[in-house]
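Below are structures written as structure tokens.
Consider the two complexes below, in which subunit A is the common component and subunit B and subunit C are the respective partners.
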Partner chain A sequence: MMPVRHALLILAPLGLVLAAFFLVPVLMLLPTSFGSYVPGSGIAKGVWTLENYLRIATDDYYREVIWRTLGLGLGVSLASLILGYPVAWLIARGPASWRVPLILLVVFPMLLNLVVRSFGWIVLLANRGLVNNLLMQLGLITAPIKLMFNLTGVMIGLTHIYLPFMVLMLVAAIRNIPRDVEAAAATLGSSRTHVFLSVTLPLSAPGILAGSILVFVLTISALVTPRMLGGPTYKVMATLIYDEYVQLLDWPSGSALSFALALMAIGIIWASSRLARRWAGMA
Partner chain B sequence: MSTLTFEALGKSYGDTEVVRDISLTIREGEFVSLLGPSGCGKTTILRMVAGLVEPSRGRILIGSDDVTRLPPNRRGLGLVFQSYALFPHLSVTENVAFGLRRRKVAGAELDRRVREALAMVRLATFADRMPRQLSGGQQQRVAIARAIAPRPRVLLFDEPLSNLDAQLREEMQIELKRLQRDVGITTLFVTHDQGEALTMSDRVGVMARGVMQQFAPPEDIYHRPATAFVAGFIGRPNRLAGRVVRRDGAGGRVRIGDRVELAAAAIDLPDGAAASVIIRQEAIRLAAVGATASPSDAPDRVPGVPGTVLLRSFSGARVQYVVRVAEGVELVAETGSQGAAADLAPGTAVSLNIPPEAVFAMPPEEPAP
Partner chain C sequence: MSLRNSTIAAVLTIGLTGTAGAEELVVGSFGGSFADNVKACHVAAFEKATGATVALKLGNSSQFAAAVRATGGKPDMDIVYIDNSLAAQLNGEGLADKIDRTKLKSAPDVIASAWGKNDSYVVAMVSATALVYNPKLVKAPPSSWLDLADPAYAGKYAIGDITGTSGLHYLLAVNKAKGGTLDNTDPGFEAIKPIAKGSAVLYTQADQLLALFEREEIAVAPWYPDRAGVAMDKGLSLAVAYPKEGAVGILPAVVIPKGTAKADLALKFLDQILSAEGQGCFSEKAYIGAVNTKVKLSDKVAKIVPNGESLEKAWFIDPELIAKNSANWTRRWQREVAR
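Now for the complex of A and B:
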């Protein structure tokens, strides 16, 4: 075992950067979140209130945005998992010559700017966009389907952007499964499907969990894509926080929402790591 | 229980032939080892039998069924891996039950057969553990129980003992042999350890570079090696450059260096040819010059080869000597660590008694200069 002193030394550079540029600003926001916003004059001096937090818990609009954000996180995680698993499996278990091209293919979108990628989806998904035009010309629909400024659009955009993270996590997990264990199942009478369901899938659970947590946390805190594909009206927590700060100048509300979002993320990571520990106990 | 037959079985990767036209039949209930250095093709053969590698040529038959093109799950085999390959997410019981469930065994019958298999490998009390809570030896025993529980037609072992420490390995050799005899399942055992192959097997197939060198009972492999490779691979050989002096039936006389001439039981070369002379270390008897060797020690006294002890190394049960028999010719001789021959100091003049059965003259591996 490494002495604690050495471990702390190794952590020190990153720890200092995080403390200075993340922890301190966040803690400075904490008092703000208990402040009171007076329209026209800013934050009232010497007034402390729980009202910002109470509003998040009780106001129907805020609650809708919170549920929408969580639902979006869950949806994007699931969609990435379902779309990503076969690709990850092919990268991990397919022909060796496919591996590098496939990984490049998966990673390639990450080389493009987020705004460009989101804008690309606007071109595709808009009312007079490529998808609707094509469907109408084929005579499959008569009026454009609403693909943007709603859940569909935001989910498509975010799934596209966060899929690579899921795939890379899954590839690592699947490559970690010894091939002998799968071969053992086969010699014991398992068909290819049964080998997958009874061995490969359960043994890749840690990767599924890690990938899902990552995509979930990235999704619920995403700003640019929901902003562009959700438009000004279809809001998630990140865009709501942005508006509170920049448009309404209501810093106390924005701060309270930020803390609520951070707490939700921490809570979910905590719960999943407990779950992971229970699974890891088996794997 | 079935026979296992290879008919001109071969495997190539591109232009590289890793297994060349192997034909043999393993009898019902027989324990056969494939022995050879790494890369000799023995594991490829085993994986072809298991259905994990597709043969390039030839056929594999279990009993009279041609299984060459069957997927692994329809071959009815048990395979034990070097890496154990237990299902880490399943308990010992569920690991053993895995193959039984695939054969639609259920309920009380399932419980009974899992218990039976675990009892056979003496792990009955570990049924509820997870694999990671077991030692390497215990994990390998679970893997063996898992393989035999569905009563496979053929059992395959892929270097199953190589990851265990020496003492445990010897225990497991005996245990495995006993287990195999009790259940009577036809067994193919792949190993690079000659001790393992010789102790456990009814017959041993020695392989090199994809070619079956000799397929015979252990005694024949040891005493009557069919090729230079086998002679040099089995036992503890001295390997010396020499020349064939005179052929006489299968054997004859060989010369090492300028003066040392020995009788050899097997010579695979014409008169006068340069040879690689192989002398088994453990067959050489040595005695200090002047010491009276007991008459039973050498019934038909051949005149000994004189030499000088250069080095003695003691390893418990055995003692090894490096003996110089002529200028530039050194031999390693091994003896038991008890008795007069066990305690010869460096510098002692000795007489070496080298029985012809332990001397083989084979074509040199590199062309003679």
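Now for the complex of A and C:
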């Protein structure tokens, strides 16, 4: 075992960077979140109030946006998992010659700027976009279906953007599963489906959980894609915070919402790491 | 999280190549064709006259207001183009420098009403929110703000989200047409709900409409005559109609943020903006009204920009009232209209 002193030394550079560029700025927001904003003249001096937090809890619009954000996080995580698992399995267990091309295919979209990728989806999903035009020309629909500025558009965009994170986490997890465990199950007469369902899948649970947490947290804090594909009618917490800060100039309210979002993210990471520990104990 | 989010928050900075040692003035400007015209009409002459270089920082009015507040006292921009309501907001927060008129050669030619409270800002141009339509699709030009509710336009129009100037103006114009006041916007919100529901999109960027008009997805929209004029030059089939209730005036202003080390240079830039040649050039290129009385508009421009009758009928809303109320109006819009 490494002495605690050494471990602390190793952590020190990262800790300092985090403290200087994350913790301190975040804590500086804390007083602002208890401030009061007076339209036309700015943040009132010397006024402290809980109103910003109370409003988050009582205003049904904010509550709707919070539930929508959490639901979106869950939906995108699930979609990424369902779409990503087969790919990850193929990369980890498929023919060796497929591995590099497949990984490249997964990683390649990440080389492209987020704004460009989101804009690409606008071109595809707009009322007169490629998808709607195609469907109309095929005669499947008569009027364009709304694919943007609603759940559909944001789901599609975010799932596409965060899928690589899920796949890469899953590949690592699946490759860590000892193949002889699977082989042992097979020699004992298990069918391939049964081996997958009762051996491979449970053993990759830590990867599933880690990938889901990562995608979930990235999704609930995403700003660019929801802004571009959700527009003014489909707000999530990140776009709401942006609006409070930049459009309404109400920094106290924006800060309070930011803390609510951060606390939710921390709470979810904490809860799921506890869950992971229990699963690990079972396995 | 913050890294990704900063992608959009970070405003694009376009550095114009400059010679080493020359003083650099950072100018906050709106993007798109506006920035092109700022370069052509204001920056070029200024650089030639002073030897200084200009770096443009692009953004919209509320982003600039947020940036000036965030850097309070140590601004990263020396002079900023900003909507007059947000200029009034910055003045309310004590973040705008008083403009010394005596240092401006062009000041005597500028109309008196252009100067903001305590000379904290000066209006640099005059535009409006009016109705823009495609004459190929619309035979009789729209004559009223409420025409958008006409079934003939169903699905063929787009209005702006309240976070953009035209969205706010359209809401207030409908409100006024329905008998509301700035203190009581209930009639406006009631009337705009169905209109917003039927809108092809709630646009958040002015130039979003270009594609919609081009693909004939929409035939009419509350929009800006200046943007329409520039689009017409590029070959789009558009025309401007001033509603009988009157257009809503837009007064893009200029603010010198408090604390800039280059206040004198900023004043020289402002002088170029307000000069007859700077104003005339901008009017012709950008289809925007001038505040310098010595500017004569060409016929082509006069057909599009608010002037004469359309200017007299235009409604110029008190910028202080907009600054005070826009947060509440926006919250109500989010909850009742865009939900």
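Note that the second predicted complex is superposed on the first by the 283 of 283 C-alpha atoms of A that agree within 3 Å, B and C clash if a C-alpha of one lies under 4 Å from a C-alpha of the other, contacts with A are read in each partner's own complex, and residues count from 1 in each chain.
Everything below uses one rule, namely that a residue touches a chain if its C-beta (ideal position, glycine included) is under 8 Å from a C-beta of that chain, and two chains touch if they have at least 3 such contacts.
Since we're looking at a predicted model, the values are computed, not measured.
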item	value
Joint occupancy of subunit A by subunit B and subunit C, clash or fit	fit
Contacts of A:114 with subunit B and subunit C, given as first, second, both or neither	second
Touching partner for A:233 - first (subunit B), second (subunit C), both, neither	second
First, second, both or neither for A:79, with subunit B first and subunit C second	neither
Contacts of A:178 with subunit B and subunit C, given as first, second, both or neither	first
Subunit B versus subunit C as contact partner of A:190, first or second or both or neither	first
Touched partner set for A:203, first subunit B, second subunit C, both or neither	first
Geometry of the superposed three-chain model: angle at subunit A (Cα centres of subunit B and subunit C, steps of 10 degrees)	150
Superposition-derived comparison: subunit B or subunit C, residues of subunit A touched	C
Shortest CA-CA distance between subunit B and subunit C [superposed frame, angstrom]	35
Subunit C-contacting residues of subunit A that also contact subunit B	none
Touch list for subunit A against partner subunit C, complex	22, 37, 39-42, 61, 64, 113-115, 127-128, 149, 217-218, 221-224, 227, 231-233, 235, 238, 242-243, 245-251
Subunit C to subunit A touching residues, read off their complex	1-2, 4-5, 7-9, 62-63, 65-66, 69, 88-89, 92-93, 161-163, 200-202, 204, 215, 217, 320, 323-328, 330-331, 334-335, 338-339
Subunit B-touching residues of subunit A, taken from the complex the two chains share	178, 180-181, 183-192, 194, 198-199, 202-203, 281-283
Footprint of subunit A on subunit B - complex, ascending	50-52, 71-75, 77-79, 81, 83, 85-89, 98-99, 102-103, 130, 143, 146-147, 150, 156
